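Presented sequentially are two complexes of subunit A, the first with subunit B as partner and the second with subunit C.
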Partner chain A sequence: METNQVRKLLTSGKLSDESFLTLFMIGVLVVVFGIACIVVPNFYQPQNMINLITNNWFVIILGIGVTFLLITGNFDMSVGGVIALTGVLSVYFCQGANVSQNALANGLGLPYGVAIGLTLLCAAGVGAINAFFIAGLKVPSIIVTLGTMMLTRGVAQVITQGAQRNTSLPDAFGVLGNLSISGTSIKLSVLVMLALIIIAFIFEKKTVAGRRTYLIGANPEAARLSGINVSRHLTALYIFSALLAGITGVLLASEYKSGMSGMATGYEFDALVIALLGGVSIAGGFGSVLGMFVGAIILSVVTSSATGLLLSPDWQFTLKGIVTFMAILAQRFALDKRKG
Partner chain B sequence: MAGIIFSKEHNDVNTLKVESLRQQAEPSSSTRSIVKQVYIYVVLLLIVAAFSVMKLDEVSLFGRGSFLSPDSIINLLRSAVPILTLSGAFTLLMISGYIDLSVGSAMSLSAVVFSWMVLNGVSYLPALLVTLVVGIGMGCLNGLLVMRLRITPVIATLVTLNLFKGLALLIVPDGLSAIKSGVDNPMPSWINDFARKDVLGGLPWAFYIALLVIAVLVITQRKTILGKYAAAIGGNRVAAELSGINAVKMVWVLYIVVGLFAALAGVARASYMSLGDPLSGDAMELNCIIAVLLGGTAFSGGEGSVAKTVVGALIIMCVTTGLMTVIPAYWQTVAKGSVLLIAVVLNHLLVRDRLKA
Partner chain C sequence: MKSTENVLEIRDLVKDFPGVRAVNNVSFDIKRNTVHCLVGENGAGKSTLIKILTGAYARTSGKILLNGEEYSPHSTRDAKQKGISTLFQELNVVDQLTVEENLTLGEEETTFGFLRKTDKINKMISVMNSLEPSIKPRQLVSSLSVAKKQIVEIVRAVATESDIIIMDEPTAAISESEIARLFTIIKGLRENNVTVIYISHRLDEIFELGDYVTVMRDGKHIDTKPVSQIQDRSELIKMMIGKTVFEQYTPREGECPDAILQVKHLSNHKLNDISFEVKAGEIAGFYGLVGAGKTELARAIYGVDEYEGEITFKGKNLQPSPDKAIAAGIALVPEERRSQGLFTILTIRGNVPVMNMKKISRNGFIDATTERNVTLDFVDKLKIATSSIEKESGKLSGGNQQKVVLSKCLFADADLLMLDEPTRGIDVGAKSEIYSLIRQLSKEGKSIMIFSSELPEVMNICDSIYLLYDGSLKATLRNGCDVDSENILHIVTGGE
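Let's turn to the complex of A and B:
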């Protein structure tokens, strides 16, 4: 990685590796999209193209947090669990208190605003637990976040007794997730996603903290010696990532008017895959939110054309695996070629 | 000690020696090392004791009588066969500083492949051999991705996790949840023999083979070059390679061993349930990680013990089967997640201090 940085400085007139890779993946996207248009009937229709982005807003929001953490060389596998937990919690906080004999219909009866606030607080708490183990005790992030993945989903299962909560909810609960721009299928959630992408892009390119993220990933020891408080930075990123998952969980629960303990299973893997497709390197110090966004659309093209070709849903796992490997190898090959 | 007085030039080295001697002599340090040696056995005993005093009689899920009745012990050991088979090899891999998150899916895929063959009239031995070859193939693939193509172990094996799971789901016909007896195509009843038929003391072949696997791996770790090399690679890969160890080959072999035993565990699971469930191995990687951490293997590799991992595996089995009897099933996940984080803390307290000293 250090040699990369040096090379970047030496060749400052040329395109940086990062922009090169993003352009490369946009090229891949165009090719994949072209193939899909030829092979899959009706793929090129405008509504379908819009759906490619709008149907994946939740994974893209998760991808923002996961991308920044990957750039620092850390994983967050707990995001799927956090979605389930926050979805269930937001429902539990809103359900009327003592309204029914059924334990699953009784909640705390809080107003919606307070419920969302508390839910996001809990999400931040999960992020803080992750950060405590990873930044404080220096435990590998994969082990810790797999543990909190089980913990969060487990708590969601306990609150819903392994099923879901969807009764005695106030009308206000279903509004946020189902708001859409009049006349289109674009939902509030999609606008939230776009806003977050723009904020993340500015954070990544224009702020000191954003640039420090790269330095930490490239060489944590050098970052520490140059006066960056690495553990505080990691803590902030983990809380940020959990908060994004919390926002997603609240929006999804509102969309379905239900808190399901099995929601968002495997989303942590999807978020990781789109970050990798977008050229984020786990070795740290490399990648971008824009690349992740391109990666998300590539994955979306691949999975929706599989559905369009009437392949069984069981193909999704295998397809994602193969696409990811091809992307990793293609990116490495492209970068090696570039370096000569 | 004489060195300090007589030779000035070796002063530094000798000070270091004295320092380490003093640390060994310090009571706190020796207590800690004793605690580190025995704590896992104490934890196991405490858990068994705790469940034994609970009243389990009314619960039908878990045999008859108490936690310590022969029935329940046999039940527990029989259901522990997959993790016992697998966790030893997993430990060796972790000692060398690498990880394989795909073991659960590898197990599922093997279970599906094995039961598919049995259902379609292949006899026992060929089906077993083909499944083991599939397991070796999966290990080879992981080794190729991690060691030759140099993809980060976590990423590579997470992707193969989904790949193997996807393949297992694809083999199972649409509309069915598992490879199982159909109306016109019943599963031969002998599929059960391996993991359920009483061979000795109420325990089946699968259990004794798991014991054999553990014994072989304990000896491998303690007495053979492979065990020493694994620790050397985990301690410092560059130094290990400079001293002539072919790290790529060694770790690749370990990945293959893990794949092989994942396949064996899958066969045991398929035989135990008499069906090939493409989700049967889910979360096995987490169980293995918990067992390895409880057993005191360092996160980053370099030191660890196969034997203690086995004790760790027994602890998980006791906790999960024991909890099943006293709390509703939907508490399982949260319990397991808590055990993992507790194991992380215990491991942190015990292993890290040792490294510092």
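Let's turn to the complex of A and C:
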């Protein structure tokens, strides 16, 4: 009896810093949301609240891969480029072969299913290139993924001759990205995002592989000496992150029925910003997918209130910058206070 | 004032760390223009004393007089300005700069931000020409050998008119001919009004170079004598180890069974043709001074560092990679607890099961209850003092951190446990707990290899003792019969 009580006592700990920070950011979200409801006309409308989530599905999907890599202490700046590349490729693979004089109207004429498969394979290839340099040759991830960021967008520009491809596509191409629950604005893409968030949450909290992600970020040397195959784990994560970007690219291309080389410019930074807003540490070993999700909603509330206040879209970036600074200062302050 | 006979007088110096008195009432004098050697085993307090002299540590109490004046530096830079320069083992030169730039580093003289050639530089260059003409001022430091980098540092110390230059194991990483050159320079310094405090584990050097020698042991000053009054190495060794009372080692009963680990002709950048075997249930101790190759040996076996040679474990060739080693049944407690062993930002629960996640998971999913119970069992078994298993492991005391790292390795269910400096920097109580744990594991049939630079530790628990010097295996002893600590120290300090 007595030992049981001791054991119970020993397992009770205060809230972990991660949970604390996620709760804190939810608090920040509630405050920001409250202010927006008061100041911005019609902000409280249910449809608007749904939009806050549905308008950002692509950044949130990217955020999942970026968050896990940040937790291992690595960056992935290539995700925006991968969206452009995979979007363009999925179109190119589907476009009819030899149907027109115009080079941009001719593709490979593959069935849509095969095209998607090939496109995702290419995305995984980009992830493998990242992994080869980062996990294999130990080149800093920021350098490598900046390289693949430009490389992927560059190839997309070559294939589209710097513009877009949107002709001679089969009808099937536009279906996936425009499917939605009837009578609502909730698209298939949003459901994919929600499913991925749930899977990522379980992965992070419950699985051995999720735990290893944190161990590698907390101390890569100790992780290696504890028998974790760090290179293999990083390789898997980079391929996973590139695949998420690939899925996003395919869905966006389908939604617009077009492959644009300028698609998703700057999304890699948005994904990074929402992860940081969610309390993920760039030093590694700390952070959560749920936090990233909350970070995304905060950013969404701020940008859409700006639109609601009829602020010129030119202000978007400035506003994002200010919010990022304030949120991160608030986090530092809260954590320092907690540590006393 | 410079005429006083003693350049440095140390009186009743004390330095306390939490739980340990590292320097205990030390008093001695250092005579002007001599080479004064400082010897003692690891943990004798030499390094702490030096760190006080260089301003890295503040003393707890006591007095130091430099040239007859009270001396209490608050930084290495301050110490240098007051006249004490130090040649650390980790050299303080910038590889990417030229020799000339290194010489004036931090003391550049400028006009409107532009570097100015001054008398100071010329003086430094002339000092260097007199010491080592082969070094060119425009040469990049990265192109110099370790020995020549040392000379660049010595030049810097001489040119800033240091009264005392402290050298911490300067010969640890340089070749025989370079050592001879260094000794000539040191003797030259003595002629030029510089006092050298010389620290080395190689006792022969003390007889060759030293005028005086101070012996320290367990933080205390044992004796200071002119080297000429010391007969031989063994007298010095006796002073170093004193009448250390070793806890009685009890020889194990019965014959040891088969060998579990066989190492044949192991060599790499640091190790030199090492062969030995460890039997099931045996506690094997590898003893040597700093730089003897203990850690490198452990890392090679564990597959962290590359090597040539053959390692068989349980009759099979061992693949050189830590995850393969763990799968085969070997676990390592690394030398650097915080940087290599512990995940400091994670909780105790996050640390303990790491090396055997299979045991707390099913189909890749962690079973939280098992995880908690396993951690609680280890907290209980190893008496880890903590308020909760959810506590950040980096916030525990040193001894408890080490127990967490040990738990991690024990949970790996290894048949061979390699412990690199298992009790470094932890208090006496935790130490003896770890020793009894090691004995118990051996009784359960596990083999244990201990890599240690503490002789009492090795003599106290190991069945066999391997002596390493400079990357080579110099002797193998069976504990209990022909083991005598003087002979051991003779061998590990390079004696034949």
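Note that in this section the second predicted complex is superposed on the first by the 328 of 340 C-alpha atoms of A that agree within 3 Å, B and C clash if a C-alpha of one lies under 4 Å from a C-alpha of the other, contacts with A are read in each partner's own complex, and residues count from 1 in each chain.
The rule we apply is simple: contacts are C-beta pairs under 8 Å (C-beta built on N, C-alpha and C of every residue); 3 or more make two chains touch, one makes a residue touch a chain.
Just so you know, these numbers come straight off a predicted model, no measurement behind them.
Applying the stated contact rule after C-alpha superposition, one finds that A:I50 touches neither subunit B nor subunit C. By the document's definition of touching, neither partner reaches A:I35: not subunit B, not subunit C. Which of subunit B and subunit C touches more residues of subunit A is settled by the count: it is B.
Once chain A of one complex is fitted onto chain A of the other, the partner contacts of A:L191 are absent, as it touches neither subunit B nor subunit C. Applying the stated contact rule after C-alpha superposition, one finds that A:T318 touches subunit B and leaves subunit C untouched. In the superposition on chain A, A:N219 makes contact with subunit C only, while subunit B stays out of contact range.
In the superposition on chain A, no contact is made by A:I26 with either subunit B or subunit C.
Once the two complexes are overlaid on the shared chain, A:F286 sits against subunit C while remaining clear of subunit B. In the superposed model, A:V139 makes contact with subunit B only, not with subunit C. By the touch criterion stated above, A:L335 is placed in contact with neither subunit B nor subunit C. Counting contacts by the rule stated earlier, no residue of subunit A appears in both its interface with subunit B and its interface with subunit C.
Subunit A contributes residues 75, 133, 137, 139-140, 142-144, 146-155, 157-158, 160-162, 261, 269, 272-273, 276, 282-283, 312, 314-322, 324-325, 328-329 to its touches with subunit B in the complex.
Against subunit A, the residues of subunit C that register as touching in their complex are 302, 304, 322-323, 325-327, 332, 334, 339-347, 350, 354-355, 357-358, 361, 364-366, 372, 376, 379, 386-391, 408, 412.
In the complex of the two chains, the subunit A residues touching subunit C come out as 7, 9-14, 16, 206-209, 211-212, 214-215, 218-219, 221-229, 285-286.
Subunit B makes touch with subunit A in their complex at residues 99, 101, 145, 149, 151-152, 154-155, 158-160, 162-163, 165-167, 169-170, 172, 174, 283, 286, 289, 293, 299-300, 328-338, 340-341, 344-345, 348.
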